[in-house]
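The structure appears right after this line, and notes come after that.
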Amino acid sequence: MNHIKLLFFATIRDRAGVKSLEMDIPTDLTIQGLKDKLSADYPNLKQSMQSVLITINREYAFDEAVVPPNAEIGMFPPVSGG
Amino acid sequence: MNHIKLLFFATIRDRAGVKSLEMDIPTDLTIQGLKDKLSADYPNLKQSMQSVLITINREYAFDEAVVPPNAEIGMFPPVSGG
Amino acid sequence: MQPSNLPTFYSITESEIDLNDLLAKITLTSTGAAAIFTGMVRGVTTRGDAHETEYLEYESYIPMAEAKMKQVADEIREKWPVVEGVAIVQRIGKLYPKTPTVLIACTAAHRDTGVFDAARYGIDRLKEIVPVWKKEVGPSGEEWVEGDYIPKPGE
Amino acid sequence: MQPSNLPTFYSITESEIDLNDLLAKITLTSTGAAAIFTGMVRGVTTRGDAHETEYLEYESYIPMAEAKMKQVADEIREKWPVVEGVAIVQRIGKLYPKTPTVLIACTAAHRDTGVFDAARYGIDRLKEIVPVWKKEVGPSGEEWVEGDYIPKPGE
């Protein structure tokens, strides 16, 4: 199992109800697998998982990427700063 | 005769040696006539009169314009601010 | 001049954006021109969905945002090698109308070298990849402002 | 909004250019974007006739210069009706390297409306028609900087 930390921002954080989560995930789980797991475990996040942006260790990541050990995973909607 | 005031700036002022001059000029004298008169009366200005910018009452003016009474005439090289 | 000597300043901050200070930070003895963009909170918006804003509440994924600001500065320098100094600042927190919220500034020797395009690129890019979000609070309640850019692999 | 309510600030000054203050002067509740250009004294110039500068000495035909700055602002508004606030400031006197000498700033509701082009036009136009001159003082003596624009009738 890999230990990871999830950070939620903006609408995703509002739906998650928390700013961060720590969890253990299977080795070799992909981002797609992580999204599926969160959709199953946290029904409030299910809809968000379809359009969420994901980062692994502060770089944008995509569905096929494998989540590395001790990853810091960011989840948020498209950015709207400025 | 018309009474006018001349204001010199930058290189033109350096050559004239003064910042301003007041003078009486014939009614209906044009800018070209004024330049000719200054070239004759002030040899130091002769060369400058070929490329000088002229203003009448703070608007750019050209050789054929007639100098009005009590005009404020500016004489200076192309601008170089910024 | 070595690129390593060129000033790059980037920051997520809760403090007021000080344009004088930021310009000084990226002014060198070789720079004669600065193009600066600032964004301010609008109290009244008429384009599109017309509405009024009481305030905006900004938040950021700060360490990633600062890394992405650095990336924007690097991209600017790659596209406009004449750019010498770059400053990128995003203010976060609760910000009221007329308050400057973001600044992008680029300096170069001369103004006709692309320095305006560089600043324009910087603000466009910040709004694509720097993780900052704003929630709009107005007479009809609060709403997150939605971005629409999906970063591509490698961004 | 009536054009007559739109802020236009222009000035020839011997004082420091305060970007924060000038931005505030042209920020309205309807403006979300500002494009600002500033020029600074270069101590080292490498393009063209490479040289060093100890300081620049600026002078102006002040009342005409302020009238022409107003004209530049009017031209900007005619070309970019979306521009709301305009500030144009030229500092004069003895100015040393790294000092901001000139500022043009334009505000608009949004950044994609031509506000960058408006600021760019403003500085180009200032350098054509606003009567300001600078003398450069450096290790090899002093020399007036020569402009090359000849205004046309009506300018």
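In this document, chain identifiers A, B, C and D correspond to the written order of the chains, with residue numbering beginning at 1 in each.
Just so it is clear, contacts are C-beta pairs under 8 Å (C-beta built on N, C-alpha and C of every residue); 3 or more make two chains touch, one makes a residue touch a chain.
Values in this document were obtained by computation on a predicted structure and should not be read as measured data.
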Report summary line: Via touching chains, chain A connects to chain D in a minimum step count of 2
Query raised in the report: Hey, what chains does chain B share as contacts with chain C?
Result: D
Query raised in the report: What whole-Å value do you get for the distance between chain A and chain B if each is reduced to the mean of its CA atoms?
Result: 75
Report summary line: Whole-angstrom distance, CA centroid of chain B to CA centroid of chain D, is 26
Query - CA centroid of chain C to CA centroid of chain D, Å - result: 22
Report summary line: Residues in chain A with touches to at least two other chains are numbered none
Requested in this report: Pull out every residue in chain C that's touching 2 or more other chains.
Outcome: 39, 123
Report summary line: Chains touch in the following pairs A-C, B-D, C-D
**Report entry** Complex contacts: residues of chain A adjacent to chain C
**Finding:** 7, 9-11, 14, 53, 55, 58, 60, 62, 74, 76-82
Query raised in the report: Tell me, which parts of chain C touch chain A in their complex?
Result: 39, 58-61, 63-65, 67, 90, 101-102, 123, 126-135, 144-153, 155
Query raised in the report: Which residues, counting only chain C, touch chain D once they are in their complex?
Result: 18-20, 23-24, 27-47, 97-98, 100, 107, 109-111, 116, 119-120, 123
